[in-house]
Structure formats: C-alpha cells, structure tokens
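The structure under discussion is supplied below as structure tokens; questions concerning it will follow.
Each chain gets a letter, A, B, C and D, in the order it is written, and its residues are counted from 1.
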Amino acid sequence: MNTQRRWQAEVDILIPFHDLDPMEVVWHGNYARYFEIARCALLQQIDYDYPQMRDSGYMWPVVEMSQHFVRPLRYQQTIRVAAEIIEWENRLKIRYVIRDATTGDRITRGYTVQVAVHAGTMEMRFISPAILFEKLGLEPPCDA
Amino acid sequence: MNTQRRWQAEVDILIPFHDLDPMEVVWHGNYARYFEIARCALLQQIDYDYPQMRDSGYMWPVVEMSQHFVRPLRYQQTIRVAAEIIEWENRLKIRYVIRDATTGDRITRGYTVQVAVHAGTMEMRFISPAILFEKLGLEPPCDA
Amino acid sequence: MNTQRRWQAEVDILIPFHDLDPMEVVWHGNYARYFEIARCALLQQIDYDYPQMRDSGYMWPVVEMSQHFVRPLRYQQTIRVAAEIIEWENRLKIRYVIRDATTGDRITRGYTVQVAVHAGTMEMRFISPAILFEKLGLEPPCDA
Amino acid sequence: MNTQRRWQAEVDILIPFHDLDPMEVVWHGNYARYFEIARCALLQQIDYDYPQMRDSGYMWPVVEMSQHFVRPLRYQQTIRVAAEIIEWENRLKIRYVIRDATTGDRITRGYTVQVAVHAGTMEMRFISPAILFEKLGLEPPCDA
C-alpha cells in the first residue's frame, strides 16, 4: 500500500479580487488561507479534520508557520496548493508548495506545525495521541 | 436619566494597509468589521456583548445588513464609527455612521439587524427576550 | 438570442474553516466575498470585469450593498452563489441568491450597486457609459 | 544618539470578535495583520512606509514570514505588538513580539523579510537601495 499518497493533497484555487493589495498582487497574509484549504483537504483524507479532532478530545492549534514567497500572485491566476504530512510522532508538521496551476512555476513554499492539546485539561502533548497514529494507519508508540 | 447616551458608542479606527484593494481604497467588504467594532463597544456599554449574550442563553445572529458607501477611504485615514441602537422590541437594530475623524465628512452609513435565537431550541424569537430590556434599563413587555 | 443567460452566473464555493466564527457558522461579513466571486464570474461573461473596467477608463466602486441572512452556513457546506444583473442604465445593480448546493435551501439574498466613476476626472456618472451597453450587447442611449 | 529607539515601534490592539475562530481564539492567519500594523508604525517613524516606498521607485514585497504562536489570544484581550528592524543592508528584516498588554505574557514572536524591487525594471535588489540607508540616518555602502 502506498501510504504516501494518503498523506498528500492538492487543491486548486482561483485568486479572487479581494485578496489583492494596492500593488495588484495577493497580500502576503492571505496565503495562510490557501495553506489551510489544502491542509483541511489533506486532513479529510485521513478522516481527522477539525470536526474529528474535536470529537477525539483534542485541539490541534497551529504553533508555528513559516512562509517563503517566491513569486507574486495576480488576479484570476489559478494556483495548485500541495500539502504533505512530514512529521507526526510528536507534532503534526505539514509542508506546502504553491505552484501556478498552468505553468507549474513555484509561487510559495512553507510549513505549519500543530500540537495536540487535550480539550479537558488544556495540557499540551509532547507525544502525539494514539488517535493520530490510528488515522494515519500506523502502530502508535507505546507511550502515545 | 439620559438613556440615549447609553445606547450610543463611538470608536476611532486608523485604516490599515491590508484593508486596501488595487484601487488604493478600502475594499467594501471590510466595512462590516468597522461596524462590528463599534457595535461591540456599544453592546459592552449595556453589558450585553457576545459573551453576555451567550451566558444569557441566546445567540443574536445578524440577519440583515445594509451599507451605503458615500466616500472612499484611503490608507492611514482615521475614521470615527458611531453606532446607535434604534430598535429593540422585536429585534436589535443598530444604525452606523462612519465619518472622517478630522474633517467630519460622512464616509458610510448603514445598519444591522439581529434577532434572538434560543441556544437550546435554536428557535428564533419574534419578541426580544426579557434580558435585552433589562440590559437597556427598560420594563420588558408582558410577553417578552 | 437568450440575453438573460449572459447576465447570470453561478459559482460553487466550499465553506472553509477560516470563515467560521465562535458560533461555528460563517461570520456575516464574509458573505461579501462570496457575492464578489459570483459577481466577477458574471462580469467576466460580458468581458467587463475589473481589468476591462480599468482599461475602459472607468472605476465601478460598490456604493451600496444589502444582505439578508436567512439560514446559517456551516463548515464544509457547499453553496451555489447566483448573480444576475438587474439594472444597468444609470448604475449597475446585481442581485445575489446563495443556496445550499445540495438541498437548494436559500441561505442568503442581497444586492450590490456600482456606479461608473471616470478615472481621470474622478467624476461620477449618472448615466452608465456607452462601454457598459456595448458589453451587454445593447444600443447605448443617446446621452450615454 | 540612541538610534535603537528610532527603529522600534509598539502598537496596542484590542482583539475584535471577527478575528476569532470556532475554538474562540484568534485564528492564526490573523496575526499577519497585527504584525503589519506594528511594521507600518515603525516604517512611519523613519518616514519610509508604503507611500514613501512607492515614491522612491521601489516596492518592498514580503518574501519571508515566520511565526511562533506561544499562547492563544481571546476576545477583548489587548495586545502590545513590538516591531524592530534587525537587518537592512541587503534586505529589510523586522522582528516582532506580541505580548499581553496587561500581564506582559509573551503571545507570539516572529519576523518578516522584505526585499527592494525596482518598480520600473521589476528587478530585485541584492543590496538595499541608498534611500533606505538615508531614511535610517546611515551612510549607504558605496555599492548601494
């Protein structure tokens, strides 16, 4: 089984007018939304998106985000946002690449890191809870 | 007692760069945020802002919003947003006027309408609940 | 020729997480973005979207927006946003209806009004310029 | 002369309702706006904010942004956002710290990197242009 495939997702987004700034390019703060749309598509593939996270008794706040803006984005450009899980044992790290959907030119790359926080105690987990390993089809470590 | 004073609020806002669109004016969809900042300041004055609404067992979704954009807004302009409660018996209607804080020129006017929805039954109220009248310092109607 | 078809457009939108508020429904201010995505799709059909407007020497600021929020929107719901031009002679008025894409339930209705402003003189037009009539495939009035 | 003082700025921001997500904390993507408000205040102090950048013939797009989210932010919390220029020779790097304005607890830290792009040729500068050094009250390097 090619588990790699399950931990990747791609979404296409058409850049809307309201994402542009006075330089007529997408304002840098809007890319967090593009990342999130791809991240949620990815998490839905493993059946562990926001509603399932909540039902599992954990919140997974984003504790770190990094973005490199390589090329500007313009009105009506279509982008392909790829998201891939690259860490899961202690925290959930997802890597993103945004490309022009037509030319394949790389526009932006970055990552987010999320950690599990127990919804009852509000305690942060230093090892990902067993539920994440299950959703990924993996054996949880004995201390998860 | 001048109850009028309690049902009005004003806030000043400095227009940030990220609210501008390619025409170098504030994108029209951002005014809903300016309205909300003034609305919340007003509702805090009567001690019935979002947290108190929730504690009272009611949600008050915005069911109607209307906006007239009279003049454009530019970067670093300071606006004064005035909010005033103009209906409360059956629904909460708030009127807004946005002026340039320096010149007093009228920029935008509009209103929002909110209705009470019981958080348990999700039923919409056609008469505002007694708690709103209390917060306004008014005698509730016998059927509230 | 069925000109009606040319003056209508529909777009489907999947509600993203970042559009939700603490009540777990779409925050009312975000609907302006849904309206705009449908409006731009409509204006592209008549080849008179934002870039063509600018090239024609006119800006078309939104001077009025009205919205009725009939039902709430939740995470991952897919909406169908329909936009239709209903006035053009003196101003461009577009009507919107948002429905659940699956059930057809009406979620929101509203309209926007835009007026032509000459980019050089910044003067507002009280009769739409000839270019709009041309784009609509109509004979411009003698005073346009 | 204490040049350090000129290259720092602080702004206070009251967290508005529309910045919250379903977990009732500020959605991580909104912090880019808090950073920007402090960055613009800082750039105004050296008279080289967005309008002056444009007049100087350079755009300064954000090419990198990194954020660590240490603590969540809740409704009506007041934050103090500090911005400080920490690199300028080849690129403009600004460091940010967000603290609770009352308790001083650290909420978020991060940085942005901007590079000069000549507005005419659209060429990226690998050494900051002389105008930035002038605005900072520094002698430009001979190759600036």
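Just so we're on the same page, a residue touches a chain if its C-beta (ideal position, glycine included) is under 8 Å from a C-beta of that chain, and two chains touch if they have at least 3 such contacts.
If you're wondering where the values come from, they're calculated on a predicted model, not measured in any experiment.
Relative to subunit B, the chain whose mean Cα position lies farthest away is A.
For the pair subunit A and subunit C, the distance between mean C-alpha positions equals 31 Å. If each chain is reduced to the centroid of its CA atoms, subunit B and subunit C end up 25 Å from each other. Distance from the subunit A centre to the subunit B centre is 35 Å, each centre being the mean of its Cα atoms. Each of residues 17-18, 22, 29, 32-33, 36, 50, 75 in subunit D touches at least two other chains. A complete topology is adopted by the chain contact network, contact being made between every pair of chains. In the complex of the two chains, the subunit B residues touching subunit D come out as 16-18, 32-33, 36-37, 40, 50-51, 75. Interface residues of subunit C facing subunit B in the complex, by the touch rule stated above, are 22-23, 25, 28-29, 32-33, 36, 50, 59, 61-70, 72. Within the complex formed with subunit B, the subunit A residues making contact are 17-18, 20-22, 24, 27, 29, 75.
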